[in-house]
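Take a look at the structure set out below.
Labels A, B, C and D are assigned to the chains in the order they are written; within every chain, residues are numbered from 1.
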């Protein structure tokens, strides 16, 4: 049913990601980060990547490891600087990585727009701040807005709790974060889940990401790192 | 199966069903397009979307299966298949507008040579305008198939140089399935993929649009 | 917890709706239509209303009854004309009601924008059609779009399946339709539900409308009318 | 309780908590504002939002309650209260941007007399810019409360005629809670609601902004 493929290994799941791709990477800090997919992407070797993610890596795992491997040309994120973002910090200060800082809500809404076929939208966030400089502004009904454009991914790598064999997804607690939005915003969405269950096992009322948004699924044990840092 | 006569509505539905890729996500418009579901082969893996908020919709409900909370976009009671999911209208139309559906099958009053679609309004001045999801569906899939008779009851062609009825969408139709021929709408114009009981030359005589034979 | 009030009667639930209000009314045809709230609104007497709903009433129940009572000045909907929309048809043809036809997806997205604080958005729907006439257009990345503005309600009347005592809502099957969007788009959201359950009874992962969007809840038996008409 | 000395951080948190209406939906920013939760009275019915996708967040998790899938916006493990709900980031920020939260409590580097907020960047040229949800929070509630000391360690006022640090939001702050006074930001300027161990006249001497006494 549908066209979601359930794969055996994370390496199969990330096959074909081209150099220069824009990759949306789920997770808020470490919660919901698709560690196995990122590790497989490092092995796969794609380089010159643009990464869209809320943060720019913690410690030396997950996204930080991808950055450390020198595969990332550019990062769009809301909060690169954290107590343990030293890998990113070093790359940035030495001019080896580009950064576009996007307010967290605009980041989510711009990806939502990409997935929803919206050409652009007027957001009240960041009006009058340095992050609105150079952007079109408009007053609508007495309030000021900035025009924001979609962020579309070639690939999304996200983590979820369970998938059924059609690719329907449910998440767990605040690890849901960017996953459902990124799944809609990428041409190819690749998901690692804790469990793959038979079709009919998920409550149709509680499916968060319908399988239409999911191209590849691989099961992987959750790896948890609790890091307390600034957002 | 070789068809050497114009197709019946059921035969036409079967031809459309044949061309829907395995595992595709598909929205079937109200009316004739609904019939396509009956002709999808077992194991096609096709998943039906209904824009009122559901994926993996099943056949029409009968008897005790009728549930007033479960209808299709035509407000006909339907059923739910395993693996279904429900979502609200903004998410459902985001799914369409965002280009996530593979195929949408629609009826039409007219289709133009460049793929413009007219299927919501006859332009009659006393008609109460009502568009529903027609304009969203018209731009809401990777491929938009139209199903219609090629001529109306008076013999007037519905595949036209330019639509005379009010438009539903511009350059949005990818393929036109009719009772006598199937047309691809491409950047260089219309090409005829197959004919049923007619020939390209006969079609050229009756239509006011340039026609190519489809390659391959 | 929160500020949702659970009320005893539909009459209490609709108290205070002013003449001239814009009221978002849930339901797709009859599925999800909040019959008890509409009947109470008829008794309550508010007039000169603008109604936003997908349809303009079926038969002589629900929204059709409100129209028949002469309380509605203007309707925004996607599909007024149905096999059993004779109440609306008669009002419209005799010039006693105004109509704005909005494509169904733009209707949903415009309410979503109102609820999400988006000032306006570029939609590809209706480009080049009579429904785009007079609207601002723009080509973005080679695709044409029409600028659409939010539709905000003073009130939303919606139906849902269950509410907990904080106003968290779940829906049932395709009766979900416009409910979750309208709940976000109105200043005051009033909900009729089949059942009110204690706090903690709903799965936090499966709540569709969080209680923050819900002001008043009343329990009412579902009334079902199966009408087969054109959308 | 009468405070005749500057407030400790905990006393300030208690004052803010006192002013949050019963049943309000509230987002508490990272740092000092988090403390406000500890001072909300039992039965206040206040529901906490965390912008990483949750309503009815509970206190910080300790011991076996720590769940890496359940954190607040500061990425600190927290707990879930009965009646909680989870949602994705676009829905969470739509909830804020759409004005559905009653109160947001934020820290600040500077607040201007017209309610401009600076709390994300010191303007230092070598700083790595990082905004997180600060700009969304600044415009994301019916009322935005700022909590800060009125003066920095060098004695420079943080309530200023115009912010010199890069802005987070324009005219977005409704009230400023400080260790020595609480200020309302209104259309006609700043008014002093209460003072702790100081007087309006003393504040007028140390600040470069016009101050009114609050009415009533």
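Throughout what follows, contacts are C-beta pairs under 8 Å (C-beta built on N, C-alpha and C of every residue); 3 or more make two chains touch, one makes a residue touch a chain.
Listed by chain with UniProt protein names: A, C = 3-oxoadipate CoA-transferase, alpha subunit; B, D = 3-oxoadipate CoA-transferase, beta subunit.
What you see is a predicted model; the values in this text were computed from it and never measured.
Asker: Touching chain B and chain D alike: which chains?
Answerer: The common neighbours are A, C.
Asker: Measuring centre to centre with CA averages, how many angstrom lie between chain A and chain D?
Answerer: Going by mean C-alpha positions, chain A sits 29 Å from chain D.
Asker: With chain centres taken as the means of their Cα atoms, state the distance from chain A to chain C in Å.
Answerer: 33
Asker: Using CA atom averages as chain centres, what separation in Å is found between chain A and chain B?
Answerer: Comparing mean C-alpha positions, chain B is 35 Å from chain A.
Asker: Any chance you could list the residues of chain B touching two or more other chains?
Answerer: Where chain B meets two or more other chains at a single residue, that happens at 80, 86-87, 94, 96-97, 139-140.
Asker: Which residue numbers or ranges of chain A touch two or more of the other chains?
Answerer: 109, 112, 116-118, 123-124, 171-173, 204-205, 208
Asker: Draw the chains as points, connect those that touch, then say whether the picture is a line, ring, star, complete or other.
Answerer: other
Asker: So, with touch as defined above, which chain pairs make the list?
Answerer: A-B, A-C, A-D, B-C, C-D
Asker: Going by the contact rule at the top, pick out the chain C residues touching chain B in the complex.
Answerer: Against chain B, the touching part of chain C is residues 28-32, 54, 78-81, 88-89, 92-93, 99, 101-109, 111-112, 123-131, 144, 171-181, 208, 224-231.
Asker: Note which residues of chain B are touching chain A in the complex, please.
Answerer: The touching residues are 23-25, 45, 47, 49, 55-56, 80, 82-87, 94-101, 139-140.
Asker: Please output the residues of chain C touching chain D within their complex, sorted ascending.
Answerer: The contact residues of chain C facing chain D are 1-3, 112, 114-118, 164-166, 168, 184, 199-200, 202, 204-205, 207, 210-213.
Asker: Would you pull the chain B residues touching chain C in the complex into a rising list?
Answerer: Interface residues on chain B, with respect to chain C: 30, 50-54, 66-77, 80, 86-90, 92-94, 96-97, 116, 121, 126-136, 139-140, 166-170.
Asker: List the residues on chain C that touch chain A in their complex, please.
Answerer: By the definition above, chain C touches chain A via 109, 113, 116-124, 138, 140-141, 143, 145, 149, 170-173, 203, 205-206, 208.
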